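Each of the next two complexes has subunit A plus one more chain, namely subunit B in the first and subunit C in the second.
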Partner chain A sequence: MNSIAAYFYVYKIRIQKSLAYHYDVYGNILMQCIIMFAAAFFWRALYAGETVVQGVEAEQMYIYTVISTAMSVFFMNDVEQRVMRSVEKGTIAVEMLKPINLYGIFFFEDLGKLTALLFQNLIPILLIGSIFIAVPKPASAMAFLLFIVSLIMAYLIHWLLAACFSMWAFVTINMTPLLQVKKHLIRLLSGSIIPLWFFPDWLASVLNCLPFVYIYQLPLDIYIGKASMENLILRLGIQAVWVVVLLVLFVVLQKIAVKKVMVQGG
Partner chain B sequence: MLSSIKHYTSVTWEYLKLSILTVFEYPANMIGWLISNPLQFIVGFATIQFVVKEFGDISGWNYGQLAFLYGLAIISHALSMIFFVQGWFMGFFVIEGDFDRYMLRPMNVLYQFCFTHFNLIGITDLIPGICVFVYGCIQVGFVFNLRNIVALLAILVGATFIRGGVYIIIGSSTFWTKSVADFGGYTQEFFDKTTMYPLSMYPESVQFILTFVIPIGWVSFYPAAELMGLSKDAFMPGVAPLISLGAGAAVFAVAAVIFYMGLKRYESAGS
Partner chain C sequence: MAVIEVKNLTKEYKVNKKGKGLGGAVKNLFLREKAIVSAVKDLSFTIEKGEIVAFIGPNGAGKSTTVKMMSGILNPTKGQVLINGKDVAKKRKEVVMDLGVVFGQRTQLNWDLRLGESFELLKRIYRIPNDRYEENLRIMNDILGINEIIDIPVRQLSLGQRMRGDLVAAMLHSPSVLFLDEPTIGLDVEGKYAIRKFIKEINRVKGTTVILTTHDLGDIQELCERLIIINNGELMEDGPLREVTERIAPFKTLVVEFYDGETVEHEKAELFYHEGNIAKYRFPKADITAAQLIEELSAKKEIKDVSIEEAGIDDIIRIAYQGGNEKI
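Right after this comes the complex of A and B.
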């Protein structure tokens, strides 16, 4: 019970911190808007002579763009940077002495940051997108509900992947390039910019076996109503399996990493 | 005059040697970027192909022409990373009082800022740039004769200075705001979106601004259109590479003026 109060405290402090350092926020909005507008014009140029491509209309593609940009707010976690800094400074040892789980603290910090970002970034992006690009209407009320479910699982998949990656920091000094590789792969291979239905079949089937597509592509497909209900339910099931698999991997890796740090400390 | 040029180049040479030594000091870092940067651009470009295959072209540009444009844009991006990346971090120079050092030395401050740092990690961006560009050249049947090579060099020098000038202009804002902001992310995002894709896909108002106000169109779009003979998108045909060079000089001159205006407001570090 005590630890829940402690996590809630961490969560609250992180929200307050985000609200205090609000100048980062404008930069983020600017960057997301550049990405959103460029993508919208990209699709407009492509759809110039077409009406329906791969069963998708231009209007759906604009909604896809707005929602994809808005979703990126959910994937601005700090856990990797946070661990990297703590290992560099050596404060990780003190943080591990605390009577609550180390990664529990990071998770609630990220949730706190996300809560602040919902107001600071998500709402402005949705407003700007609705005014200038397209009002992002979901395919149906049911689609919206399933989208929310899928988005929560997508958040967990992305966070657990980041947490597993962050443990590299215990063994390597500079993992910035590694994080860049991961960031670009997620961006390009998760359907965040170019949807998977344009990819060649062999590549799409490879990607369907990896967790990345369950970060962006599945929630977006649900939102714009791209696939049949049975197909979506099946993929939601696979998404849930990925959450469990990554959770197990995370727990195992954490056990190993903790020992590693103790060796270095001694 | 001659002796001062000799002096400046000798200083630059010494710093270049230091940069090379730094790379060898941390080889793992370089190797990390050597994987990360090419991957980013090559995978990025490959995914565009999937879309172009479906739709045929973007704004009238086929895949080979897009490769030419994309490659040219990455090469000048890489060059600007090597010479001018510190513009992205000017806030740290201002807050931490790093300009003190430059101002005390008997050398031009802007020169020192630009040409005593060499970010050799930028070379890792050159590799995918050259790969994609060569692929594009083969696809569009680009001929490497003397005229075209001179034109390419003019474009790349101009484009690098346009980018560098913009980085310095944005970075100089920190002389007024005194904030430690990292402008890298959105500067790169903005340049990527405007130089790697045909400018003609944007609304005319945006095209106008990017042609005459912030001349980013001259980084890759107009000169590429001219070199490939795409008359629909060529602008100022015959002299586009020269305009790129001129635009580079103009942007950099404006950057220098703003930089020195800002430097007058520079207060060094707190204590």
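Right after this comes the complex of A and C.
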């Protein structure tokens, strides 16, 4: 079935709507910048007197901080809230009755929001970071290209995790607390604030088996040129596998959720 | 040709039996007893093209469950629903293209969009050709005056406006069957009028088959050629309004005004209302004529004035909702 026109319309309209809202945009810039400055001061204190820690220079660490903050813009999805709201309002069954994939609609809404945020949040954060912390130069042109590839896969991993997680809404009544826990766990376990090489070895190896490090850590490693090319390619491969695994999981969960709604009523 | 065939439709829910008190709550943590509740039991009927059918019944009677199964939102436990010959539960994707659904208390319009944008999105979801889309919008604007509110964000619409929007949204892709679950609930007189006019017009102009559930007597009186009464998940009555009335409410009411507050009894009529000088008698048409009753009453006591009321839709509802076994 050809639903492209509908998806594109949703994408377009979401960009328009997002551009019309200003206040939460400024709020988010402020919040992200506070985290960015706090992290930068933290690293400055940690690097006092040292030039290289764990094979990473202070300058690289500042770049890591700026890019990590900028990347957070990519992980502000609404899919969970959307599903939660529909289940709460009891419209989910009727929405599923439409001849289009509901999650497809949510995905393109999120893409629309992201597109608006690139202008509203990403550029201001990069500017502020460049002026006050460090100009975020990539390690090389090749690194930048691979970073983009990895970032796209990171986006998919994060979105699919959110989509899978949203199915909880069919079981629990209020999952807002769960969402908060998930959000902060991801930030902590994905290396977005503290890179994995500062974690104890055993914890780092556990985290390497989970999808979270492929959301922040891998793209960031590529960007600042940490680790060898072979190592990065291998990890890009694992990242791609995670995309596929989560996609399969998502499709299965979606089938179960639809069946549950159809049997128990929306 | 039958547009909708409902065959032995049954819906059972499994519910957790809850124990009482603290002991029961603790027991529930470990042992879950399942109980089966039947919401709809073995319903069968057919609906022809172009009919307007009202489902009535008390809350929890199984009306909404039936409509949900008919519109493919809920899978039946047993039995099937065929729409235009296709099994709704099995060929859902094909069938939905030919269905419009409105649930009065739950809007399907996107809260964040303007009404017109919601329509544009539906146009793309259902892949409605441009000319048909324009024509449908024009027809529906003529009936509902939708153009006045097309640029208002859905969240700012009043209930009546939103309901109009929902109706248009459900009809944009020209479905041959329209399901309405309590479409006039909570609306003011004008709102109800608009919705009823819409249903009548769409039925006349496009030949749309309309199935609605309602508690509103006005809806039934103005719209429905056919009434299906459901209670406890079972079909109780099915037929034209007049026939159903004859069958379950075969009585009239005689209103008598006396010269004073005293009343008299009559063995064939029930005195069910008395206030001041006014008394109301309900009598079975088969047992006694109105003329006889007046004559016999006036023989006992002098009468100032009389009037006769036919059994109305409210009597039917009252009797049907009480389970249909009330004696008169």
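Assume the second predicted complex is superposed on the first by the 263 of 266 C-alpha atoms of A that agree within 3 Å, B and C clash if a C-alpha of one lies under 4 Å from a C-alpha of the other, contacts with A are read in each partner's own complex, and residues count from 1 in each chain.
Everything that follows uses one rule, which is that contacts are C-beta pairs under 8 Å (C-beta built on N, C-alpha and C of every residue); 3 or more make two chains touch, one makes a residue touch a chain.
Predicted model only: the values in this text are computed from it and were never measured.
A.B. asks: Given the superposition on subunit A, are subunit B and subunit C in a clash or a fit?
C.D. replies: With subunit A as the common anchor, subunit B and subunit C both fit in the superposed model.
A.B. asks: By the touch definition at the top of the document, which applies to A:M142: first (subunit B), second (subunit C), both, or neither?
C.D. replies: neither
A.B. asks: With the two complexes superposed on chain A, say which partner A:M31 touches: subunit B (first), subunit C (second), both, or neither.
C.D. replies: first
A.B. asks: In the overlay of the two complexes, what angle sits at the CA centre of subunit A between those of subunit B and subunit C, given in steps of 10 degrees?
C.D. replies: 90
A.B. asks: Looking at A:R44, would you say it contacts subunit B, subunit C, both, or neither? Reply first, second, both or neither.
C.D. replies: first
A.B. asks: A:A5 contacts which: subunit B (first), subunit C (second), both, neither?
C.D. replies: second
A.B. asks: Looking at the overlay, what does A:F199 touch: subunit B (first), subunit C (second), both, or neither?
C.D. replies: After superposing on A, A:F199 lies in contact with subunit B but is clear of subunit C.
A.B. asks: For A:A93, decide between first (touching subunit B), second (touching subunit C), both and neither.
C.D. replies: A:A93 sits against subunit C, while subunit B stays out of touch.
A.B. asks: Which of the two partners, first being subunit B and second being subunit C, lies in contact with A:V251: first, second, both, or neither?
C.D. replies: After superposing on A, A:V251 lies clear of both subunit B and subunit C.
A.B. asks: Considering only touches as defined above, state whether A:H184 meets subunit B (first), subunit C (second), both or neither.
C.D. replies: Touch status of A:H184: first partner only.
A.B. asks: Taking the superposition as given, does A:I13 touch the first partner, subunit B, the second, subunit C, both, or neither?
C.D. replies: second
A.B. asks: Please name the chain, subunit B or subunit C, that touches the greater number of residues in subunit A.
C.D. replies: In the superposed model, B touches more residues of subunit A.
A.B. asks: Just to confirm the value: shortest Cα separation between subunit B and subunit C in the superposed three-chain model, in whole Å.
C.D. replies: The answer for the closest subunit B-subunit C C-alpha pair is 13 Å.
A.B. asks: Please output the residues of subunit B touching subunit A within their complex, sorted ascending.
C.D. replies: 26, 28-29, 32-33, 35-37, 39-40, 43-44, 47-48, 50-51, 53-55, 58-59, 179, 181, 185-186, 189-190, 193-194, 197-198, 200-203
A.B. asks: Write out the stretch or stretches of subunit C touching subunit A in their complex.
C.D. replies: For subunit C paired with subunit A, touching residues are 13, 65, 68, 71-75, 92-93, 96-97, 99, 101, 103, 106-108, 112-113, 117, 120-121, 124-127.
A.B. asks: Taking the complex as given, what residues does subunit A use to touch subunit C?
C.D. replies: Subunit A reaches subunit C through residues 2-3, 5-6, 9-10, 13, 17, 89-91, 93-100, 262-266.
A.B. asks: Hey, which residues of subunit A end up touching subunit B in the complex?
C.D. replies: 23, 27, 30-31, 34-35, 38, 41-42, 44-48, 50, 53-54, 173-178, 180-181, 184-185, 188-189, 193-194, 198-200
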